[in-house]
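Letters A, B, C and D name the chains as they come in the text, with residue numbers starting at 1 for each one.
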Amino acid sequence: MKKFMNQPDTMLTESLQGFAAAHADLVTLQLEPNYLVRAKKAQNKVAVISGGGSGHEPLHSGLLGYGMLDAVCPGFVFTSPSPDQMLAAAEAVECGKGVLFIVKNYAGDVMNFEMAAEMLSCESATVLTSDDVAVENSTYTTGRRGVAGTVIVEKVVGSLAETGADLATCKALGDRVNRRTASMGVALTSCTVPAAGKPTFELGEQELEMGVGIHGEPGRRREAMRPADEIVADLVKAILHDLAPAAGSEILLLVNGFAATPLMELYLLYNSAARLLQSHGLIISRSLVGNYTTALDMAGASITVCLLDDEIKQHWDSPVHTAALRWGM
Amino acid sequence: YVKTDFILAAIDAVNSAILSHEADIEGLDRDIGDGDHYINIKRGCAAAAAMRPELENLTPDAALQKIGMKLLSSIGGASGPLVASFFLEMAKAIKLKQPVSLADHAELFATGVAGIQHRGKAQVGEKTMMDVLIPVSALFTQLASTHAEIDADILNAIKAEAEKGMLATRDMLATKGRAAGLGERAIGHIDPGAKSCQVMIHAVCDMLLGQAH
Amino acid sequence: MKKFMNQPDTMLTESLQGFAAAHADLVTLQLEPNYLVRAKKAQNKVAVISGGGSGHEPLHSGLLGYGMLDAVCPGFVFTSPSPDQMLAAAEAVECGKGVLFIVKNYAGDVMNFEMAAEMLSCESATVLTSDDVAVENSTYTTGRRGVAGTVIVEKVVGSLAETGADLATCKALGDRVNRRTASMGVALTSCTVPAAGKPTFELGEQELEMGVGIHGEPGRRREAMRPADEIVADLVKAILHDLAPAAGSEILLLVNGFAATPLMELYLLYNSAARLLQSHGLIISRSLVGNYTTALDMAGASITVCLLDDEIKQHWDSPVHTAALRWGM
Amino acid sequence: YVKTDFILAAIDAVNSAILSHEADIEGLDRDIGDGDHYINIKRGCAAAAAMRPELENLTPDAALQKIGMKLLSSIGGASGPLVASFFLEMAKAIKLKQPVSLADHAELFATGVAGIQHRGKAQVGEKTMMDVLIPVSALFTQLASTHAEIDADILNAIKAEAEKGMLATRDMLATKGRAAGLGERAIGHIDPGAKSCQVMIHAVCDMLLGQAH
């Protein structure tokens, strides 16, 4: 395992401190409990708070700022943050209209944010993101995982919150965007958790992991390496099977890198996915390509499709100023 | 009674056991999870064990409460709220009523397990720590209804039940937690949370078995 | 070699088409000869044109847009573009104030852009970027290599050109920024050129390549893997030896990823570099962290320091709208 | 005379030779460069060979000019402008004066080499293709001053000189091109451009040797 680090147990803190220093105009870091807030606290809005295990940067700290998140709670690598972090963050940013948690649907994230909500003195609501179509959603499981679609939910909800909308309205939009968003990913390599020192799983030179999770969890199945068009066809098929959009629908297409896949390949995947989606009669009205929801040092990518409408487009387009997304200001 | 001394000794025993069973636990969450279960539990155990000075003079309910909150803020992930709930629910129960009979102790333990179940909503057969905790609690309750005191037979039976429950997770499909996304690929792998719970239960039982001699 | 691709020889074109499609509001792609221009052609300014071998994305196509480049000429992977590309691009974007080429100092890039300039009918000038301090600059070599500092030169010059400044003024500022910029990189892995199918060089589990180039060229020396602070100390030492800034100087600190190094590690490197530079009495007034000048799929990073002054800061801060850098609009 | 037929035949011979010598050339630019030299040259040779229909009926100067421009737009990298300059300079020279004597032919070749040298500014001893081209050109000029016609001895001497120059690059430090950044690490590796030039020169010489029989 070769990583730029000093000690495994100081790695996260050093990285957070570097992030806060590099974006001192934008964010402030608090330690013990760990959380980040905007450098300039907002007023008169729902406080939108997210977080999760570290290792998915820029999710979520890179999405902290005007038009998106008010606070972020980073856990240890791939480990959900604990309620004390969310309570401290909420106390720091709540400003009279309550707290909206945006939580990726994993047992740990759900339970920790749930307990935080129970302990909060102010009103709160939670939007669960569950865009991953890789795992069949059945009554016997705890529902789908939240992956790169979380970025879209956070942008749209963050934008709405900026207008002063109330808690119920913000949650409703978040849930709505979540329902209209579907993702699936594929890994060409596993990832190596710093404390573990070796990859979470092994992929051979001719293997890929279809439907992989963003914590190095295996996915639907291990398969043979294939040309990009074939991989994309499988991902898009699963996504369209879930969303079943009508021809003529406008969509947002997000091609997300898991960290180690070069931008050249991400744009190649975008090309393939865009053509395929267009051949289904869909209109790609918005696009995003890059590393937004990573999995430590994994090589791989995910495709996310969000069914747009005027409200979602408006909130996607609105000004935002975070480390990872910035436009209109 | 459950005395604070006992709680502290049990924490130490669990901490030691978790440290010495790294090899048994460490890879399990890599096989069917995201590889962090062992370090999460290890971190929690260390944090709890380091609390000794601030817990020594507290009543058992206050100690359990503090331990629960410390575990909640130090473990993280799915294990954090679950393990913390065990302590927090027992803290609340023991504040109302100190256990006297063996049956009282089994009831206290069951309250803790119910706390975990309330938080995680998992039953037996879902390939989680509940596959150890629920059978162990049931056996403890059953044996406590026919025995006045803890003895080596009861402790060994509890250990065997924990072992059995842990091993039973191997061939289960997971319907809770991260492994639920793996489908058939989870089969053949022991659940990490079940394993660490079994190790912890064995540690406390072994401590009591040692004291019995 | 596992890459998301269909055929090696269509990989670049598919990626360019994906890039142009994802940023159709921003750029237009022309093929044969290959070049990209802004979707909305500028008027009454020096046309700033750059380019180079592909494989460094987002350099340079991600820097195409208002406030930065008017046109980009992408060559084959790690292969300088040819004069016909630059001539076609110049014809497309030149608008009366001449053409300024920004060229990374490599023999191929220099010669191809030189020939293009000779063939141009309009007036032109060239800024060579040579910020890499890894290779000793001596009279016996062709000078230092241009690496991540090129991003800074392109931003500052692009900003000045937007004001309508003339060719000589733009070139003068570009050369000045280049002289005030120093970089050095380190690789934890090599990279794999698609047509080659295997890594350019091999690094063992305990080895790193100090002073590596952005085309997978080996660097100053192969060394043992070390903690991040030690690596950063060596990079910063070489940079400061070159720039020799006075205490109290304001600097821009750019921590650039070579593609496969996660953002968490880049911010850890930033933390280490920032503290070290500050201990030298330098003031970090501007920062940039991320993948800006990559080397295909290499794991590694480079540190760049640019000595700021009011003019450079003004042009760094000015509005820009490209795929990779966007602020103020 | 240098006829267009000869130029086309030489292009084909070079293209074949480059294709058949992949193993000898391919790794050299990986060792001391960025790994693209072979595919750059291969692409250029293929592009030139594919031009046959459009060149067949052109005068030699027009053919050389078109070949030079095609190589310029298809090779890329450092090799592109250098190789193209060889053809472009010879195109200009042959337009002014068709070579008649062997010495004229050597002068034409030297003009081409001077074109490369003008563009790349490299001398002998800098670990580049010039370490093949300059000595070969000098030998050709020298032999042409004492011989009326090309013969097998001259061709073999030229081949030997090209081989010698290519091999000489092995232990040189590089002071031009990408390898200049490697310092001592370039030593022990043959320069890729020198190798491909040697292969090309051998191909043309072998073609002429074959015609002589």
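To be clear about the criterion, a contact is a pair of C-beta atoms (placed from the backbone, for glycine too) under 8 Å apart; a residue touches a chain by one contact, two chains touch by 3 or more.
Because the structure is predicted, anything quoted here is derived from the model rather than measured.
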item: Contact distance in steps, from subunit B to subunit D; value: 3
item: Contacts common to subunit A and subunit C (chain labels); value: none
item: Distance from the mean Cα position of subunit D to that of subunit C, given in whole angstrom; value: 32
item: Centroid distance [mean C-alpha coordinates] between subunit D and subunit A, Å; value: 55
item: Residue numbers on subunit B that touch subunit A, as the complex places them; value: 26, 30, 33-36, 39-40, 43, 69, 72-82, 119-120, 175-178, 180-183, 185
item: For the subunit C and subunit A complex, residues of the former touching the latter; value: 2-7, 11-12, 14-19, 21-23, 54-55, 57-58, 62, 188-189, 205, 208, 225, 227-229, 231, 253, 255, 259-272, 274, 284, 287-289, 291, 294, 296-297, 299, 301, 326-329
item: Of subunit C, residues touching subunit D in the complex; value: 33, 53, 75-85, 106-108, 111-112, 114-115, 134-136, 140-142, 145, 193, 195-196, 200-201, 213, 215-220
